[in-house]
Amino acid sequence: MSVLINKNTKVIVQGITGAMGKTHAGLMKAYGTKIVAGVTPGKGGTEVDGVPVYDSVAEAVEKTDANCSVIFVPPYLCLDAALEAIDAGIPLISVITEGLPPMDAVKLHAAAEAKGVLVNGPNCPGIITPGECLIGIHPGSIYMAGRVGLISRSGTLTYEIGLGLKQAGIGLSTAVGIGGDPIIGIDQITSLKLFEADKDTDIIILVGEIGGSAEEEAADYIKEHIKKPIIGYIAGRTAPPGKRMGHAGAIISGNKGTAESKTKAFEAAGVKVAKTPSEIVDLVKAKVSVAV
Amino acid sequence: MSVLINKNTKVIVQGITGAMGKTHAGLMKAYGTKIVAGVTPGKGGTEVDGVPVYDSVAEAVEKTDANCSVIFVPPYLCLDAALEAIDAGIPLISVITEGLPPMDAVKLHAAAEAKGVLVNGPNCPGIITPGECLIGIHPGSIYMAGRVGLISRSGTLTYEIGLGLKQAGIGLSTAVGIGGDPIIGIDQITSLKLFEADKDTDIIILVGEIGGSAEEEAADYIKEHIKKPIIGYIAGRTAPPGKRMGHAGAIISGNKGTAESKTKAFEAAGVKVAKTPSEIVDLVKAKVSVAV
Amino acid sequence: MRLREYEAKALFREFGIPTPQGLVIKVAEEAFNIKTFPATLKTQVLTGGRGKAGGIQFANNPEEAYVHAQNIFKLKIKDDMPTAILVEPKVTIKKEIYTSILIDRAYRGPIIMASAEGGVEIESSGAIEIVPIPGGQYHPFLGRKMATKLGFKGKDVLKYADIVQKLWNVYSTNDCDLVEINPLIIDGDDNFVALDGKVTINEDSVDRQPRFQGQLAEHLTDLGEREFKGKMLGLNIVELEGNIGILCNGAGLTMATMDLVFHHGGKPSNFLDVGGGASKAHVARALDLVSSDENVKVLLVNILGGITDCVEIANALKYYKETRPNANLVVRLVGNNETAAQKIMNDAGIPMTNVLDEAVKKAVAVAA
Amino acid sequence: MRLREYEAKALFREFGIPTPQGLVIKVAEEAFNIKTFPATLKTQVLTGGRGKAGGIQFANNPEEAYVHAQNIFKLKIKDDMPTAILVEPKVTIKKEIYTSILIDRAYRGPIIMASAEGGVEIESSGAIEIVPIPGGQYHPFLGRKMATKLGFKGKDVLKYADIVQKLWNVYSTNDCDLVEINPLIIDGDDNFVALDGKVTINEDSVDRQPRFQGQLAEHLTDLGEREFKGKMLGLNIVELEGNIGILCNGAGLTMATMDLVFHHGGKPSNFLDVGGGASKAHVARALDLVSSDENVKVLLVNILGGITDCVEIANALKYYKETRPNANLVVRLVGNNETAAQKIMNDAGIPMTNVLDEAVKKAVAVAA
C-alpha cells in the first residue's frame, strides 16, 4: 500500500516532446512507472521513447484509461494543460512546472477544487512510491521502500532525507513533494490525512519551510486528527525577512511565516522537530526501533 | 405549509429605487410580504415606502438577516446584482428582470449552482404563497390560499389559472412562475420535487410552453418520482416553428420543442393534459372532489 | 439580429479568421471591377437556401459576372431583396468542415458544435460532435479537444483550434446567439478558410454592443411587414395566416389565446404580446399594428391586468373605436382596475366580457 | 519587479485612476519648470521610508524647489540613488484611505485589502478590511462591498467601487503581485485621487507582459550588488552578512545548508540555489558570483544530484580551482553521476565528502 500512486497508476506525460518531459518520461518509465501516453498538441501520432503521443488529453484518456497526468509544459501553457487534464477526468495531476503566474495558479486550483481533482504542485518534484511508481523528477534510486511517509515543500531536501534514510536502512511508503509555491493543491493537511489512513505507513516526516502559515495550520490539524508519530523539520531559520528564498512561497512577510513560529506550532502539536536533516534520520531511527 | 417562501421569509428588493422595484416593493409589502430592506448602490441611507435602502446586499443582510432577494435591476446590471446576492449568502433569489443577455444567464446560474443557491427566473413573475408571502409581480388578489401547487413558465397565464381556480373556490399552496428564458434556475423538476415533499399540496398544475425539452425531462422525472396527481397544459400549439413567441425560450427549433412532443411526454407520464385554460380548472375541480 | 454573409466575414477577418478575398458590389456595373476569375457571386440576403433559389452563380469573365449580377439583384428570396452581392474567387477545397458556437439549453451554456463533414445537409449528416464550454469560460484546450474529436492530427489540431479560439472571440466579444462557419474548408495550401459565415447578435444584448447599436433595422429584412414595424415600435408581433387579430398581455397567455382561437375553430392572424404595464399610447400603436393586415376581420383583445392597468387598455380601445367605428372588436378585460375600465368601455359602447372562452367563441363567430 | 511611483501613477492614469497632475524631473534645473506652488518633491527610489530619510520636500517657489531637487538627487536611500523626482501640487485632503490588491495564500486567491484610515502606519492601525475575489474572478459588487465595509454611503460607494474596479484592471491586466494606493484620498472636490502608488509586477509573468519586457534591469536598484548581478545572470542569490559562500541546488536544501552552517557556528554569506540540471558554465558563473564578495573566506558547495549531473558541477569546480588556486573550497557532491565526478575532483585535487554535516563543519572551521 501507499498513498496517491502505486504500481497500477497509469500515467500520461503532458509536454512529453519538450526536453524536460522527454528526459523524465524516460526516467519514470525506466523506474517502472506505467507511462501509457504522452500529450503534445501538434505532435500527435509520433512516439517518444516508445510512448505514443496524442494531440489531446481527452484522446489519450480514451485510448489508454490513464488516471494520472504529469505536466512538464512551459509556465504560460501550464494552466491550459492542467484544465485540459481536469476536463478529461484525470483525478490526479502533478504539475512539475516552475514559474506558473500566480493568477494562473489561482484559476487552476479553483477549477480542480470544483471538480474534486487532486493537484500536486505546481513547482514540485512530484511523488514517489518507491519500487512501484514515480511521477515527476525524483531521482528514484535515492529512495528505498518502507513504512515512513514523507511530506516536503522542497525537492532536493526531500532527496537528502530519502538518501539519509536509505543509508540508515529505512524506507518510505510514499514521498510527496508538495511544492514550493504559495498556492498548491495537495498540501500538508491533505497528505497527512492520506498517510494517517494508510495502513502501510507507521511514521510521518513533515518537512516545512519559511513563508505562509501552512505548517501552523498543519499543526492544528495534527493536534485533532493525527495519531501516528510525526517528525518535523523547518528549513530557512537563517533566512532574512522580505527576501524570496528560491521558492516563490519561501518568504517571510513582516513577522509572518518565520521558522520560529512554525517550530513552535509543531512542538505544540506534539511533533518532534529535528534541527538538522541528519537529525531527522536519527529521530526516525529511534521511533522505528521503539516500534520494533 | 408551502414551498420556497412563507410568512417568515425576509425579503430584500434589489433595484428598489427604480420604477419597477418601487412599485412592486410597495405591492409586495401591501400584500403582507416581509420586505426588510432595499438595495440600490449609491442610494444607501434613503428610504422607499418606509423600507430602508442600503448600498450593498452584504450590508442589508448584516442589518436585517434577509434570506431572500427579489431583483428588479436593469438587464445589464442583473448578473452583478445576482452575484452580489449569492456572495452575501442569500439562499433564494428571484430575478424578475427580462432581457438578461444569455451569457450573463450562463454565468449567473453556474455561480448559483456552485454555491447551492436557488434562483427563480430570470424573466419570471416570481413566487406567491397566497395569504403569506408574495415575491415578484404576481397580482396577489387574484389568488386564494389552498392545496394546489402551480408551476408555470408564463406570467399572465399563471394569473389566468389562479383566477379561474379562485372563481371555482380552489386555492393554491404556492405558485411558482419559473420564467420564460431558455436557461432558468428553479425549473419544473426542482419545483415538482418541492411540491411532492410538501404535505400541504395535494395536486400539482404544470404549465409548459413550446421550446426546449424541459417538459419532456419533467415527464421523465414524474414517471419515476411523483406520486401526486398532476394536471398539465402546454401553450403554443399553434405557434409556427423558428419564431420566438415573446419569451426568449418559446421557440420551436427545427422539429424540437413542439407542443405535440411535450403533450405526448406528459400523457406518457400519466399527466392529464388540459386543452384550454378553463379545462385546467375543470380537471382540478374533478380531482379535488374525488379527493374530498 | 443576423448579419449578412459579407458583414459576418468582415467580423471574422477582424478577429483573425481567414476568409476568401471578397469584393462587395452594390450595383451590377461593379461586376466589371472583379479581378480574379472564375468567381462566385453570392446574393446577400438573410434567408437560407440561396443556392437553390438561384442566388449563387459562377462567372468566368466580367461579362458573365455582369449578367449574373443583374439577375441576382432582381431576385427576391422569401421577401428578402438583396442590396449587395459578395464576389469571391473560386478556391480549392480539400476538405469541408462544419463548426459553430451557440448556447445550448441542455448544457446550460455555450457549446462548440462541429462535424468533419461540412456542407448543406449538416443536420441530417448525423456525425455532429459537441464540446461544451462549461460556465461560459473558454480555454484553448477546448478547440483542440474538438479537433481530435473530428479526427484531426498533428499540426491540423493546432490550426483548427486556432480557428475555434478566434470564433469564440467573435462569439463572446459581440454577445452572439450564434457564430457558424459552414463550410470551413482546408484549401490547396492546407490552410483553414471560412468559406461562409453566419453571425447572429443576441437581440437582448445589442444595446451593450456599441458597434451594432442602431443597426437593427438594416438586419430585419427577413421579417414580415408587421413584424418589421413591430420591431421598430418595440412591439412583440409574429405574423400568422389567419383573420383574427390578437392583442394580449404576456407571452404565455397570448399563446394560450391563439391556441384557444384554433380550438374553437378560428385562425389567428398574429401573435402580439403587448407586455406588462402597457400605456394607452403603446396599446393604441399595437391595435393599429394588428389591424394593418387587411385579412384581419376581427380584433380579439385579451388582457389580464396584473401590472397592466385595465383603464389604460380601455382608453386605447375607446380611441381606436372612435377613429375606426366599423372595426370589429371583441374584448375580454379583467384584473387591475377592472371596474373603472368597464365603465369606460360601456361609455364607448364596446361590448366586453370577463370570461375568456366566451370572448374567443365570439371572435371566431365574427370572423367566420 | 517594482515600479517607481511615477511609473505606477502613469499606469494608474492609463487605467483611469485619477492622480495629481505630476511633473517628472531628471535634473535639478528642471525644477524651474514647476508651474504650481506649493509643490511636493518626491525622490523616485524604490525603497520605503522616503519621507523620514529626507526624500520628500515641500517648496513654495522655483528657487526653493531647485535647492530641494539638488539635495534630493544627491540623497542615496538604502543603496538606491534617485534618477528622477516626482513633483506634484499640494492637494487638499479630506480623508485618507488605504487600498490594495494582492494574492493571499489563506484565501487561495486575490483579495482586496483596505482601511478607512490610510497613511504610513497601516499595518499597525488594525482596522484592515478584506474582501476576497473568489477564483480570481472580479465583479463590480466586490468594490461596493468593500466600500460599505469601510463605512462609505451613497455616491461615495460608487466612486470608491469605481477606483477598486480600475485598480483590479491594473492588477489583472499586468499580472501584478501587488497594486496599492496609500493614501487614496478624497480631495476638496470630493473626488478620489491616488496620492501615492505602488505596483509590483510578478516576475514569473513579466515575459508575457510585452510592456514590461526588458525593463527588469531598471527596476532592481534596491538589490545588493550580487543580487543585481544574479538577476541578470538568472541566478537565484540572496545576500547575507557572513563569510561562508554557499552554492547549493534546490531552494529547500540551500536553506537547510545555511541553517546547518549557522547550527555549527558559522555565518553564511549568501543563499544561492543553482537550480536543477545546471550546466558547467552556469555553475562556473555561480561560483564567480558567490566569491565576488570580498568577505567570503570559503566556498561551501553542496550538491545532491537528481536532475543535476555531478560531472557538470565537478568540471565547473575544476575550472574554478585552476583559475583561483588559492580559493578555499569545501565540496559535498552526491547523486547522479557521483563516481565520475569524484574522479574529476580527485584529479583536480579538490577534497570532497558525501556527508553534509562533515562538509559544513569543515567550512565553518576554515572560515573561523
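Labels for the chains are A, B, C and D, by order of writing; each one numbers its residues from 1.
We adopt the following convention: contacts are C-beta pairs under 8 Å (C-beta built on N, C-alpha and C of every residue); 3 or more make two chains touch, one makes a residue touch a chain.
What you see is a predicted model; the values in this text were computed from it and never measured.
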Maximum centroid distance from chain A, chain identifier (CA atoms): C
How many angstrom lie between the CA centroids of chain B and chain C, rounded to a whole number? 28
Averaging over Cα atoms per chain, report the distance between chain A and chain B in Å. 49
If you average the CA atoms of chain C and of chain D, how far apart do the two points sit, in angstrom? 57
At which residue positions does chain C touch at least two other chains? 134
Contacts with two or more other chains, residues of chain A listed in rising order: none
Which category does the touching pattern between chains fall into here: line, ring, star, complete, or other? ring
Tell me, which pairs of chains are in touch? A-C, A-D, B-C, B-D
Name, in rising order, each residue of chain D that touches chain B in their complex. 134, 139-142, 144-145, 147-149, 152-155, 157-158, 161
Report the residues of chain D in contact with chain A in the complex, numbered from low to high. 103, 105-106, 108-110, 123, 134-136, 172, 175, 177, 202, 204-205, 207-208, 236, 238, 240, 248-256, 258-263, 268, 271, 273, 276, 304-307, 334-336, 356-357
Under the definition above, what is the set of chain B residues touching chain D in their complex? 41-46, 54-59, 79-81, 83-84, 87
Considering only the defined contacts, which chain B positions touch chain C in the complex? 23, 75-76, 99-103, 106-107, 109-110, 125, 137-139, 142, 152-160, 163, 180, 182-183, 207, 209-210, 212-214, 233, 235-240, 243-250, 254, 275-278
